[in-house]
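For reference, chains read A, B, C and D in written order, and residue numbers begin at 1 within each chain.
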Amino acid sequence: MPLLDVQNLNLSIHGVEILRDVNLSVERGQVVAIVGESGSGKSMTSGAVIRLLPEGADVTGSIWLNDQEIGSMSEKEMCTVRASDIGMVFQEPMSALNPVETIGAQVMEAINFSEPGLSRGEVRQRAELALTRVGLPVERFPLTTYPHKLSGGQRQRVVIAIAISQKPALLIADEPTTALDVTTQAKILNLLKKLVDQDNMGLLLISHDLAVVAEVADHIIIMKDGRIIEQGGGKGFFDNLQHEYSKALFAAARKQREEKFIKDGEDTILEVKKLRKDYQIGRKKMLRAVNDVSFSIRKGENIGLVGESGCGKSTLSRCILGLEDFQGGEIYIAEKKFNGEKRLRRHISVVFQDPYGSFNPRHTVGRLVSEPFYLLDDQPRPDQAREQVCEMLVRVGLTEADIDKYPHEFSGGQRQRIAIARALITNPDVILLDEATSALDVLIRDQILKLLSRLSRELDISYLFISHDLTTVKNITDRILVMKDGTIVEEGRTIDIFARPTHPYTKSLLDASPDINKVIAAETVDRTRENPNENIF
Amino acid sequence: MKLPLNFIIGAILTTIFLCMALLSLVWTPYDVTALEIADKFQAPNIDHWFGTDHFGRDVFSMIMIGARNAVMVSLVAVGIGMLFGVPLGLYAAAARMNGGNLIDEILMRGNDLIFAFPSLLMAIMITAVFGPGAINAIIAIGIFNIPVFARMTRGGALGLWSREYIMAARVCGKGSMRISFEHILPNIANILIVQATIQFSIAIIAEASLSYVGLGTQPPDPSLGRMLNEAQTMIFFAPWLAFVPGGAIVTMVLGLNLMGDGLRDILDPKLRQRKAREMEASNAAS
Amino acid sequence: MGHYILKRLLSLVLTLLVATVVIFVMIEVVPGDPAAYMMGLSGSTEATEALRSELGLNMGAWDRYISWITGMIKGDFGTSYTYRVPVSDLITDRTLVSVPLTIYALILSTIIAIPVGVISASRRGGFLDTLLMGAAQVGVAIPNFWFAILMVLFFSTSLRWFSAGGFPGWDAGFLECLKALTLPAISLALPQAAILARVMRSSVLEVMNEDYIRTARAKGLSKGQALMRHGLRNALIPVLTILGLQFSFLLAGGIIIESIFSLPGLGRLVFQSIAQRDLIVVKSIVTLLVLAVVVITFVVDLLYAAVDPRLREGKRM
Amino acid sequence: MRIILCSVFMFFLFPLNIWADGINVGLQLEPPNLDPTSGAAAAIDEVVYGNIFEGLVRIDQNGEVIPGLALFWELSSDGKSYIFHLAEGVRFHDGTDFTADDVRFSFDRARAANSTNAKKYIFAPIANIDIFDDYTIMITLDRAHPDFLFNIGLGDAVIVASESAATNAINPIGTGPFRFKRWVRGDRIELIKNNTYWGAQARLDWATFKIITDPLSAYTAMMAGDIDTFPNYPAPENLFLFDRDPAFEVVVGLTAGETILATNNKKTPFDNILVRKAIAHAINRKELIDGAMFGNAQAIGTHFAPNHPDYVDLTALYPYDLNKARGYLREAGFPNGFKASLKLPPPIYARRTGELVANQLSRVGIHLEIENMEWAQWIDQVLRNRNYDLTVVSHVEPMDINIYANPNYYFGYDNADFQKIISDIDKNGNAAGRAALYKEAQRKIAEDAVNGFLFQLGKYGVWKRGVKGMWRNYPIRSNDLRDVYIEDNG
């Protein structure tokens, strides 16, 4: 009898069907991963298990935990189950902790609820233990620390500490690393895995990224549209995938870059020389966000700028876009010194990360896409503009009919296409892609990347592709700049970087970034439970 | 889309009063400037729905005109507030976004200064300086509406300035004023509308208070506040004189507030966002 | 934090200084001569002149401003034209009525509003919620002076529970005064309570959507426990602001209420002083009220910091 | 031991005593200060006159001059010099003795250049003051002033002590039957019986003047029993409620307040007598009295108190007649009337009357723009700068018809004949002659329709049954409580 056994679970919210007879089980010490894109219902599955669902949820089917049917329990009984049997880790570490309570208090509260009647001292010890186990030793992180003092990764550790402090049989982790940097992500995943092994818990790991879970999961469940379409584990699971969707997902995850001929001797169209940007923080403190960064882009060349959050890459991009002034260095666009001139702006355009935030909700696609015409000295007549917009829309894979729609009528992927159309409309030389695909589901991301590489070939334009994720960049760029703490630590051809990274940071990034190919490779050899970096404290 | 109930009720009440006010421009049951001492203190009856006052005036007619005056004063006052407050707020936000923190600071401190003054008291002072009357009541109330809108606009604008579509517009080389009016104003319009209705209702109470202390609309023009004041001593033998105008004010303000809430439910992007967030939470990973 | 406080204090002083200028100028342009007012219909001109000089009204504007400011800094607010007693004495007497009244009203509105807000938030959309919020809507819409009249009518005239007005003075005993202040406090509190309840409700709803509430639930806390242990404290943050605003509003906003219940409060004093052109009293009181507002906002900010550790480093949100 | 018992006894007795031997008097306007010799606020006299302060002579509730601190006096044949024989053994409340020096001090103080006495003119005629002995003093005038005796009976001429004169504003020290106890500003003024009073002791142990500005709370306070008597109840409209309540007594008397539609005789078109006559005819006094005063006032046709023996009823001189009014207007060249402003001071009577007057005049095409203003503004604009067309106000000074003789007064009425009449009155010693002249004066201003003469302001006394001895009339603004007592539960 497994630890958790979900039998034909159906869920609908306000009558809308979310889950359709879901069956899954988790053994003690086993890591079960649910993978699927947005709206596949993977989070709702976990929500149904711990029974934290939005209003109007209606669940049928049976959920067995430790041989007791928790699906039919009263809310009151459920509270005790949550307190002692199930622990949960959420996606948003930044907001998952009460900002006005110390981490100690929040962990101790959990313990009090799981085991009432412990003496204050015992509770305290247990809390310290839990925090130490997740890598927050009391010496450096006293119980009286407030959440806002901690980084995202550390907060996530606190959340995990809260979960394990209750000694749960089952641990549910809902996208626990999606909001975190690659290196942190790896650490958190390993931490979870380690804890599962140590306490012999069952772990139900939810993620949108096959590659992420492939390394840690014993058993993988692929969901789509509220149904489980494929599940399995162990050797050869990937080799004999049945369902088209899962195949595609797999392909997307492991796809190798099709080589692209890199031209030489092209004239440089963007050059950054010793750029320096400082931020005033507090009275006298200075933060150097960008530190003497220099690089150049030649026509048609695609450059990747990779670094973790806070490394200064977005600041750098804002400087290049002329959205921020900078203290030192120069930027040359088409050999001319650039600080905000309109006529130079037209050579460079941008696609932002957030497909929701990057359009004025009150403007039609037509108006949005034609906004950059403002840069031109001789602005096209309305009908011309419309014409151009139409063909651009078609070019990026939308239809002419879309021109009069409003952004909210489109999906995330389509929006990015619109954004690309807007970026191309004044046919610039460089497009700055700021995390342009990070917010998208794996398959969609893949499509957008395809589109981008196609366009760069057709129009012979260059990209400056800014991302936190090496794998994304890998498939579209010719050269990569690795950025850390405001400086570029390594620069080189993409292939070389991936083949033999020289800088340790680059190495760690590569190790950390989840790569399904490694798993496959590993599988062919005898599978080892050994983790690349065990010592995560 | 289905309109929320509070909006419907509010809208109905408000329209009723607006219609009464407009109607009073062309017609009232009785002439309120003609005093007929002979038929004073008539309890509500067929001829005089809300009775007559100590000068024999028809209370219903007075309510109609009083409502009109209240609406007029409040509208203009709020208008003033928006006219000055909104551009101020937009400017402050734009300034802050373009490194002009000092300008922003000064403007906002100025706001705080106005806020720091006890509003009713200042209104009384102002009317004491320039003499009582509708115009000065308007000015007095209007001044205190400016910072309200300035703050609200600035807050909303600051929120938007960090949005990516604003950056996109800036990448297109658009100036901050252009952006303010092309991108920001339309996107905060709804919260401003909501606030306007709220301020409107507040203004009506303020006008009532001012004319209650005799500083609002002047006789022979009827005003709800002064009607209440005059009714005070007669409340013991002619209660309707106090209940009717009071009720009128309450229903008027109630209507506006309900409508404001309704509008917020319909328009407020913050709320919509939260709804969206809940939705996503319920059927998506993020 | 210390540096932050210092900065705030500085801007506080600055605001006050500007305020005094504004007030003084305003007072200067107020038409009507106190001396003439006191001399009345049959006052002879030379007598009036004599009085003017006695009141020090024929000094230059600048000199009067300076002497006023320096005086205030020394705690000497000058002598009331009409009452002929130190303004500071007048103000202290009246403050001993107005401030207790304000606090009384605030306490009332808070103890009404907080539970109402929480209840209707937790019963969101339910019958009780609709009922309470409907009531709140009406409460907001009622002009407090009208409400006051109705209450006088009902409690004093019909039921004769409370005396119609007046203030016995604190030496008459605490309970007596409390009784005298009850009706006014209620009529002040009701609309404020209505507003506060609405704010409380929405902020509780806001908070209940936060992730950390979900975390708490996952710990095994029931909805109620999660609200009480994690929601409330966070929900109270916006409420603090409103409370601060209301205190200053009530302090000055009592004018009409005070006269309806013939309470010797600040509001009435200043109103009467405006009418009698006892301008020295007017400007001092207005200045003090402004001071009160500024100080209260300051205190509220400090309270924020107390409630919200994120602000302790002086980070502003 | 006995002391303790005693005090306990007292403790139980005390509250009873309060109700038995004291009285709560309602007052609508709070006096700005308590010094009647400075400033003009009627509210001061309403508290202190006859209670705390006394003059050489007193004015009783019928406006008669009766002995005050001067027990009797002799008037020289030329009517110039008075010899006052002062009461002996009189002490001020601070224990200092009252002597002729105090009289001289008080009068000199009032006459002084830097005097802030609102009625300085009273003392202007004083040529010199001779003290024969501590209790005999002679005051010599530049010439005969028959009004002098009455005038020194006014609150502005009360006798103050040199020691306390400066502080009377906040701590009044007089010779009266009550002494000042304390003043809770904005709420009440407490007086207690002066046990060392030189004359007939007051019958009350204490008297508290409660300030009740709001007419609503005036009513509720009476009803709730917080107040025993309201000498001048602010809301005539609900007098009838008390009238039909057996617990109360309503006594409508008269004040010296002639309520007039004051007219700026220097300003066109009001400088034209035809226009003023038209206005006179357009005014319907009955409607005013019913509408504004709810019937509680007496119509007047000239500027004179109806209860005065010399009063002439001239209300019929210009009867309410719209046709006549229109006729005069046509004659004056305003066939379809004109526009003018009507500036109204705060008192409710003025506001109500004003609204009605405006309405009445509009019937003949005279359209008045009403401007409500505070006293300060009114005094500034109307009284001092004569920047007005019409206003409604009540002149509460007794025997003040002489103001019409002052061409610089705000009416701007400059008429030689009338001025002669007044100066004759001033000189004329013989009572009958004076009476005749007063009558003539009344006719003169009535015929010239200097102002619209509307009604005599009533004094609306409301008190619990059993409260006796309150003044019926206000010949001067005073609530002299020396004879007041509470009949039952005494």
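Operating definition for what follows: a residue touches a chain if its C-beta (ideal position, glycine included) is under 8 Å from a C-beta of that chain, and two chains touch if they have at least 3 such contacts.
Computed from a prediction, not measured in an experiment: that's the story for all the values here.
Hop distance check: chain B to chain C, minimum number of steps through touching chains?
The fewest steps needed to get from chain B to chain C is 1.
Calculate how many whole Å lie between the centre of chain B and the centre of chain D, each centre taken as the average of the chain's C-alpha atoms.
Chain centres of chain B and chain D, defined by C-alpha means, are spaced 46 Å apart.
Measuring from the mean C-alpha position of chain A to the mean C-alpha position of chain D, what distance in angstrom results?
Measuring from centre to centre gives 88 Å for this pair.
Counting in whole Å, what is the centre-to-centre distance of chain A and chain C, each centre being its mean C-alpha position?
Using C-alpha averages as centres, the distance is 51 Å.
Could you tell me which residues belong to chain B and also touch two or more other chains?
Touching at least two other chains: 128, 232, 235-236, 278.
Mind pulling the residue numbers of chain C that touch at least two other chains?
In chain C, residues 31, 149, 157, 274-275 touch at least two other chains, as defined above.
If you look at chain A, which of its residues touch at least two other chains?
Correct list: empty.
All pairs of touching chains?
Applying the touch rule to all chain pairs gives A-B, A-C, B-C, B-D, C-D.
Using the touch definition up top, name the residues of chain B that touch chain A in the complex.
Chain B residues touching chain A: 99, 163-165, 167-174, 183, 186-187, 278, 281-286.
Which residues of chain D touch chain C once you look at their complex with the stated criterion?
By the definition above, chain D touches chain C via 30, 32-33, 35, 38-42, 113-121, 169-170, 184-188, 210-214, 216-217, 219-221, 223-224, 226, 346, 374-377, 379-380, 383-384, 393, 395, 397, 400, 403.
Please output the residues of chain C touching chain B within their complex, sorted ascending.
Listed in rising order, the residues of chain C that touch chain B are 11, 14-15, 18-19, 22, 26, 29-31, 137-138, 140-143, 145-146, 149-150, 153, 157, 206, 209, 248-249, 251-253, 255-256, 267, 270-271, 274-275, 282, 286, 289-290, 293-294, 297.
Using the touch definition from the top, list the residues of chain B that touch chain D in their complex.
The contact residues of chain B facing chain D are 33-35, 37, 40, 54-55, 128, 131-132, 214, 218-220, 232-237.
In their complex, what parts of chain C are in touch with chain A?
3, 210-212, 214-222, 229-230, 233-234, 307-310
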